[in-house]
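Each of the next two complexes has chain A plus one other chain: chain B in the first, chain C in the second.
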Partner chain A sequence: MSKVLIAFQENDESRYIVQAIEQDNPDATVHFEPAMIRIENEGALTINKATVEEMMGCDWEVQSIHVNLLTLTGHIDEDDDYFTIHWNN
Partner chain B sequence: MTIEIKTAKMDTVRNTFGHIARRFGDKPATRYQEATYDIAAQTNFHYKPLWDQDHELNDPTRTAIVMEDWYALKDPRQFYYGPYVQSRARMQENAESNFNFFDKRNLAAKLPDGIKENLIKFLIPLRHAEHTANLNNMYCTAYANYCTAVAQATLFEAMDRFGNAQYYSRIGLSLDGNTGDSLVEAKAEWMNNPIWQGLRAYCERTLTIDDWFETFIAQNIVLDTLLDNLYFEQYDVWLSEHGAGDILMLTEFMRERSKESHRWSDSLIKTVVNESDQNADQIKSWISTWRIRAQQALEPLATGLLSEDALAEAYAALAGRLKKIGLAD
Partner chain C sequence: MSAKKLNLKDKYRLLTRDLDWDFSYEDRKDAFPFEEFEGIKITDWDKWEDPFRLTMDSYWKYQAEKEKKLYAIYDAFSQNNGHLNVSDARYVNAIKIFLTAVSPGELAAHSGFAFTGRQMGGIGARIASQMQSIDELRHIQTQIHAMSHYNKFFDGFDEFSHMHDRVWYISVVKSFFDDARSAGPFEFMVSVGFSFEYVLTNLLFVPFMSGAAYNGDMATVTFGFSAQSDEARHMTLGLEIIKFLLEQHEDNVPIVQKWIDKWLWRGYRILTVVAMMMDYMLPQKVMSWKEAWELYFEQAGGALFKDLERYGIKMPDYTDLIKAEKDHLSHQAWWTFYTNSQATAFHTWIPSDEELDWLSEKYPETFDKYYRPRWELAKEMADKGERYYNEGLPQLCQTCQIPMIYTDVQNDPRDIVYRSTKYQGERFHFCSDQCQHIFEDEPEKYVHAWLPVHQIFQGNCGGPGGLEKVMDYYKLDVGNANMDYVGSPDEERWKNWKGVA
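Take a look at the complex of A and B:
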């Protein structure tokens, strides 16, 4: 199985997103690189709107992930409530 | 010649402050955590305050509520100074543009007959009640000072309520063409009209409560839930039905703010109630005391404002909220 990857700029806002990812994807590995947070997981990785909102304490649009997104690998499945990357193989 | 670019990775020496790391583990902390947790001094006070020699300067025993860890009462909005000010600035921008719109189109002059008098009699005097809400939350801030998570949130609430009072005044000024006459009339209503005296007495009474958590309950839970329902649910409908829906534009700030603040006070009470039966019983007894006082206080107002059934509907809303936070009888 291949790994999916997503990376964010390291700042206050994306740290909440990373916390949400850690909670929803317990198997994901998080690497704090210089100025970047890289997250890898086997097969798939999901970011849930509800979890991020709970972490941030305010409303959050899934679309605004792009403000801090650096790169990702995997097929994207995006909706109002979640953002998932996965490999079909 | 080939140039090989290498990156050297340097780890930060510390991820966060020692006291934050002891609480949450040694990893990058959020701004809210760093600005909130374990900020207030809890030990090693040199002198007892002259005005209260039974307690330390920052002393959790100033309330009957007991918490193992007061910092469990975190703010789900995660407000510290920065995000609080940003969020209110955004809301204020909206409110300002609503007021500008209202004034520019001269909507005050287009209100149906009698609405202006109704607003001066029933809506503008609320600025005095909001001022009490400011003082009460300031009181909570002053005596919950041993726990920054609570004290900063009650301080924000206090400033919000001050803002509300100013917006009620602005509505008055929009109605009377900036002469201030409506504020004088509204003050006279608040001071002399029998329908307001119950609420005025309730307000003054809350100012004399000793236990800051009881103040919190009497103000932010009991009174606010009832007034919010009366004004922002029922009176809203009444205004729309009487062709004065434009006014809702001017009270939108209060409505939005109160919804947001309920998220915080709900979560705070829920945590306290879940901590122990003793806390739950204490809060229930405060609520039953103050809901009876509020009933007497608001009856003439609710009847004058809407109808005889209005207060019962507001009490149903209060019961709903209490049930939601685990305080159903």
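Take a look at the complex of A and C:
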């Protein structure tokens, strides 16, 4: 399987998103680099609205991911309650 | 009873797809006259999917949020003399290159996506291109704003717009976008939307920007990351257009493959300067060019091409060559700019001993063998007061417009690669087999290329009469905005601000 990659600006909002990713994708590796957080996972990676909201303690719209997103690889599947990236190989 | 909130899919359907209209009394082909001449076959635009399902209302909402954050930081940066917090004034030269060579490319991309956003027959693709067109305009504006602060304190920023159409190394980027914008809408999408955005932009806007942050440049990392948050969407659009074209018709496959081969190469050649910015121009080191290349191109791009195999798309056949070049690229570029620094709009310098050690460590196969001895010689000469400047003008590649600096890294890295071909009785020169192939495929597109060195010799850059006239024509403030950093007004001001003797 190829690795998918996603990176965010490092700030308070992203830290909760990253915590949610770590909880829902236990094999993901998280790299803290200057001003950014880069996450990799084999094959696929999912961000769940419910988990992010639980971490943040407030409502969170999946589309607001655009504000802090830096880059990603893979095919995207997005809906109201989740955001997934995956490779087909 | 309040109206039920639409879910993302319904909202996208209603606010994007439903914005299109049918042509009842005009021929649809007249409305989209560029859709067929490239040979691309579209059977059903409804198959177009925007995975982000971004509608115009959400677009404006999130873009406004990004802008508010960005400008709050710009205000703080300039109110607090943010330029004093960079790691070293040498660093500022990297963002001089950014403003003169990269930012105008954003404007060119804006115009290219405005064209594409008009010419594609499918409403989903048109709206996504329109958003990208607006993004690119935002990028050049925010970049100019960010650097306007540096312009008050450092040389070399003020004439970026004038220089863009004239200066030798800047013509490299200009020619890339001119080439892309003079292609049809689908080729433009593959060139900028896919090859540049999806496969290559990451190298500039992620590891370099992270390096800018590490070097204390709050303004640059902020515009860089704000732009990159748009790029993440652009990348998705680029991948989507490729998948869409490949799924629409099998006849599209060889056309798309040819475009990928061409544009990945042209974009990769431009990254030569980014390689140098990462390895030589960040005083505080984060990641070498080679490491960034392995992560963002070899790993991420490799996964992408593996996925595209199902459509019959292959990695370009020069993949082994670019794998070998990662050990050489930044060193060849910095040496070129160092030795031609009397004609650049930024300063160059000899790496410090610590920096040379870092390069030796990061490039164990090549640096000590091929490149370190040059710097030791340069240092010896500079110490004797004989700082070396190349007084000749380099031969340029007809396709990428880069001087002939690349060597035969797969055989003998000491040999420069020269290729040439004859067309209508005239000989044209190239830096590589790939640039030669691109020329031979469409010679008419490149025979009249505005090559800066040819233009200088023809007397079209300030008239005959030597390099001094050319520098005036470039509006280059010789001795202040260029040549060695050591002894420059930039260095002197920096030392005064920092209280260093």
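Some observations on this one:
Definition applied: the second predicted complex is superposed on the first by the 89 of 89 C-alpha atoms of A that agree within 3 Å, B and C clash if a C-alpha of one lies under 4 Å from a C-alpha of the other, contacts with A are read in each partner's own complex, and residues count from 1 in each chain.
Rule of thumb we're sticking to: a contact is a pair of C-beta atoms (placed from the backbone, for glycine too) under 8 Å apart; a residue touches a chain by one contact, two chains touch by 3 or more.
Every value quoted in this text rests on a predicted model; they were computed, and no experiment measured them.
On the superposed chain A, the two partners chain B and chain C do not both fit; they clash.
Legend: residue contacts after superposition of the two complexes on their common chain; A:Ser64 is shown touching chain C, with no touch to chain B. Judged by the touch definition given at the top, the superposed model places A:Arg15 against chain B, while chain C stays out of reach. More residues of chain A are in touch with C than with the other of chain B and chain C. Once the two complexes are laid over each other on the shared chain, residue contacts for A:Glu33 go to chain B and to chain C alike. Once the two complexes are overlaid on the shared chain, A:Val52 sits clear of chain B and of chain C alike. Among the options 114-122, 294-302 or 330-338, the segment of chain C that ends up inside chain B in the superposed model is 330-338. Judged by the document's definition of touching, chain A residues 33-34 lie at the interface with chain B and also at the interface with chain C.
For chain A in complex with chain B, the residues that touch the partner chain are 10, 12, 15-16, 32-34, 54, 56-58. Residue ranges on chain B touching chain A, taken from their complex, read 7, 9-10, 28, 30-32, 75-79, 83, 87.
On chain A, the positions that touch chain C within their shared complex are 2-5, 7, 9, 33-36, 62-64, 66-80, 87-89. Every residue of chain C that touches chain A in the complex is listed here, in rising order: 7-9, 51-54, 58, 62, 65-66, 69, 202, 205-206, 209-211, 213-214, 221, 225, 228-229, 231-233, 235-236, 239, 286-287, 299-300, 302-304, 306-307, 309-310.
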